[in-house]
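In what comes next, subunit A is part of two complexes: it sits with subunit B in the first one and with subunit C in the second one.
Right, the complex of A and B next:
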């Protein structure tokens, strides 16, 4: 257990350092943007106002409100303090809503959509990949090119294709939103059903994309394992094929778990873009409105939340990995 | 080298991927030579013209030679184009609702259907339960049916310059044809026009060129940085290795797209050109190459031939170039191929998020997609505005991935079939 604790602390330390760096980058980068976002909002608010002093007063009120009139370093400490209290400030583009409010209404849609979708895609992909490696011949010949093609499609491409086929042409499923536009979120059966129906297309577009990439990886891994000496030895020993396959699958699975930890960021990016295609009320749409409205508090906070989500997921996967693979503990104990 | 190449080209997957990629490149190079229109020229007034051949009506009326073709099915086709199957059924429905018995009406017999329609239809008749939209549909249908059974030609009239009175110039009989090659103005729009009224195919070819350039620039930058850092960390080791690995680990854990979005956002709309985006993508995606190169270099560092080279007093530069690079070359090429494809996909993703290159100068595949989505082409059923873009992106990525898989099988013999 000592080795595992070292592994755990080591990982935890890395994630802490990374989070601090990500936090600082999140603060600095959007503020380097040329042009004055406050001026842009004021221009929008003061449209049609001819009184220069009035405009100036509005401008000053907003810089005071958003705190952009203070030196950068002071702004940073205020920001850190506020963030620790869960206060991300006001959203520029959706003022007077606060950033926390905007995020609170969108984050669960994204988490609820992407986490299951990526997991399901990963599981199916690994299963198919292992099957292709084991069965070879016909199945492999079909699955392999299909997987390469599926993983070449960008997630938004798959999203558009599903949308056009099932949403527009067949009219089986609704084309946009997270629930019917005529409903107010509540716990009625009607609302839940609407959410389930709207969930299908975004979910499957992410699953299908994930399957392709994972199947290719698992196939290579499983082929590699199937040729390993222990498999040949087990065959000579007369161990049943089913049992060998279980060994192979377990061993080939390990790199796939690390692979998941490493590629989860890219997957989330693809999935976020796919959300936009369906106007899903998640973080994708939030980013889009933030970009269009030059809303840096919102983009900063969204990016921070996504970073945190990805970091936590990666962390959990790596911790589980340490449990599953005894070699990790052994390696740590040796040091 | 020659041997390796021959081996590579014996891999079916590589050859397939390579052919697709070369075909795309060829189209991108040759198309502008054949069709020299400027790619972003707005030609149509209105949005999303469907694909097809557009013939100037004025020119075809004014063409000097008149051809008469007596084709049997001409009348049937003319009627069919104006009176579709669903319209016939709708007419029948109206007539039944208006009180005719269903057995009297034969929706397939145009002549009798038209007679019954003309005799019975009155826009003022109020049919219970009919929505206003439906009533308007019948009014429109009735107008379009006007003159459908007429055998008269169309009359061309011109204004007399002196009196200002319209004078009949010519009658165009229904059996008159023009030869498309004799009409002065014909524009083929194989993929129609987009939301701005631009020729989609010409724009798509230009966008593919730009996206490929973005992919190449981003891929090369990422591979070069990754290679340099990996070699440095792996070969030199020590403090440099620690420092580089610190950064690499940091950037492995921070999702690179977060950085990408933040940086693209910070650059601002005005300064965000295609090249800038490519450079940003390159600078945020080198991590993988660096890690992999480093681990390979570490395993090579203490091989005999490297030690021999060191003993012979060769410089670090020479050792890296002559004794290490050739061993990792295949990996670097594969990484480059994947980076190019990732660069193209990333640009497309960014563009959909509204963070693509500045919109007025060049099209990219991502921007075309973004425009089509903003103008709801997918909901409106304007497939030509987005589907060719998806196919192009998928084809390029597919060909590059195939090449990569092929190379993988050549260099990692265990993966061969």
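Right, the complex of A and C next:
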């Protein structure tokens, strides 16, 4: 157990270092983009104003408000201080909304879309992969090419196929948005139904891609395990095939958990393509508008969320995994 | 062999084949007959690829692809298991009548399952009504008798050292007190000290009443001398020599067995530091074995007649047999000149 605590602390230290580096980069990188975001806002605010002095005054007012007139290093420390107090500042591109407000209204769309899609895709994919390994022959011959196709298609490919087939050609499903553009969010049946209908295409485009990747991984893991020596030995000790199949799938499944946790951790990236294609109001679309509008605070904050999600999920897997899978624990103890 | 002897395992003309993905047939066990009496052990030796492991698998009477049964009988305590339904074999033979330690015993245990849980599964596969408490008590006692620490039961296989894993697999294999134990190269992958410990453990199994007889497979013929009562030498899927351990090691008849031992061995100097002579050449491809003697390509004493027809196993009396067209006298004469 002592070795394990050392392992734990060591990992924790590395995660802290990674976090600090990511935090600094998240601050610096967006600000290295050429262009002046404040000028864009001022241009919008000062539309129709002909007074140059007035425009200049507004400009200065905003640079003061956003702190962009100060040296970079000072800006950084102000930023650190604010973040520690839970304040992410104003969004440049959606001023006067705050970053916190923008994130709060978009993150749940992403989580609501991605989490179920990843889980459903993971479960179905693993089930199909295991079945293909076990049944072989006909089923495998259909599933494998289909999975390879689905998983090697770029994410937007799947989304576009669905869009063209169900949205444009069949006109069964709406092609964009999180709900009907003529509706105001509320708890009426009409609104909920609209959300459900708009949910389908982005959801299935993610599910299908996840199924493909997971099925391939699970199939090869399961085939490997089915040929393992313990399978043969267990058979010769008279153990029933049904029980042996359970050993095999448990062992094949465990490494797949890493994949699940990783896709949950990186779900915001996974969402970008589907959200943009279907104009879904989640974090993915937010990132796009933030980048286009040079919205430093919003970019830094979304990147921070992503960094944290990835770090936390990887950390949890690292730690929990040793308990779930004795093979990993043995390897960890040797580190 | 006394008249009173009690034959535990009797195998007659057992033939099995592998059918590969390309539908090729590999006859890796070709008309093998053998007998093991109660309290006796039989060693099987031969170079890599001669079919030792396949023979071990075939003796279990439970076949799954790519291995297929072709013909022959396997009689354990008077019961012919080759005629039984696979599920009956699984339930009432495997583990209880005949048990098997695979060549790669290091990986024979499921890495994510505690030893004790596998032990439970083994017992319950044969007797679903046995309580966990009974199983645990029995397992603890058995492990103690076999000199294994009780804690091993609570561990995952990955937490055990190689030697400990090997001994654990042996212990688990004999928990149901099988009449025959087949150990496939149980000591080959271990260092010398552990090897000795494992062999000692195997020898003790019969004294402790866990098993009634044993088949010990190895590619090192001399290793068998101190371990088993009788020895069979295999070549290209066939038995080429059958004798007592002493005869097989110090007075082999078949040119292949002779070659395996080198020519310089005399019983007095013992087996220490004996360098095994490598026999030049390679064994025939079992997909398409030669018509005549399978050893002909590598045999120093080969003649034209050797390649004409299949060579039968000749009875040399006293339980000895060898597969060569030359007579005992001619062979001994030849060895004398060579040595």
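Operating definition for what follows: the second predicted complex is superposed on the first by the 279 of 335 C-alpha atoms of A that agree within 3 Å, B and C clash if a C-alpha of one lies under 4 Å from a C-alpha of the other, contacts with A are read in each partner's own complex, and residues count from 1 in each chain.
FYI, a contact is a pair of C-beta atoms (placed from the backbone, for glycine too) under 8 Å apart; a residue touches a chain by one contact, two chains touch by 3 or more.
No experiment lies behind these values; they were computed from the predicted model shown.
With both complexes brought onto subunit A, simultaneous placement of subunit B and subunit C is permitted, the two fitting side by side without a clash. By the touch criterion defined above, A:263 reaches neither subunit B nor subunit C.
By the touch criterion defined above, A:286 lies against neither subunit B nor subunit C after alignment on the C-alpha atoms of chain A.
Looking at the superposition, the partner that touches the larger set of subunit A residues, subunit B or subunit C, turns out to be B.
With both structures placed on the common chain, the touch criterion links A:126 to neither subunit B nor subunit C.
Shared-chain residue A:311: touches subunit B; no touch with subunit C.
Applying the stated contact rule after C-alpha superposition, one finds that A:98 touches neither subunit B nor subunit C.
In the superposition on chain A, A:243 makes contact with subunit C only, while subunit B stays out of contact range.
In the superposition on chain A, A:205 makes contact with neither subunit B nor subunit C.
In the superposition on chain A, A:194 makes contact with neither subunit B nor subunit C. Looking at the shared chain after the overlay, A:110 reaches neither subunit B nor subunit C.
Annotation: superposed on chain A, subunit B and subunit C show a minimal Cα-Cα gap of 8 Å. Common to the subunit B-facing and subunit C-facing surfaces of subunit A is no residue whatsoever.
Looking at the complex, you find that subunit A touches subunit C at residues 228-230, 232-240, 243, 247, 250-251, 254, 325-327, 329-330. Those residues of subunit B that touch subunit A in the complex are listed here as 249-250, 252-259, 261-263, 265-268, 270-271, 341, 345-346, 348-349, 352-355, 369, 373, 378-379, 381, 383, 386-387, 390, 393-394, 397-398, 400-402, 405, 408, 414-415, 417. Residues of subunit C that touch subunit A in their complex: 60, 62, 64, 90-91, 93-96, 99-100, 102, 104-105, 107-113, 118, 121-122, 125-126, 156, 158-159, 169, 172-173. Residues of subunit A touching subunit B in their complex: 14-15, 17-18, 21-22, 25-26, 29-35, 136, 140, 144-145, 148-149, 151-154, 156-157, 160-161, 163-164, 168, 175-176, 216, 220, 223-224, 227, 262, 264-266, 268-270, 272-273, 276-277, 284, 287-288, 291-292, 296, 299-300, 303, 306-307, 310-311, 314.
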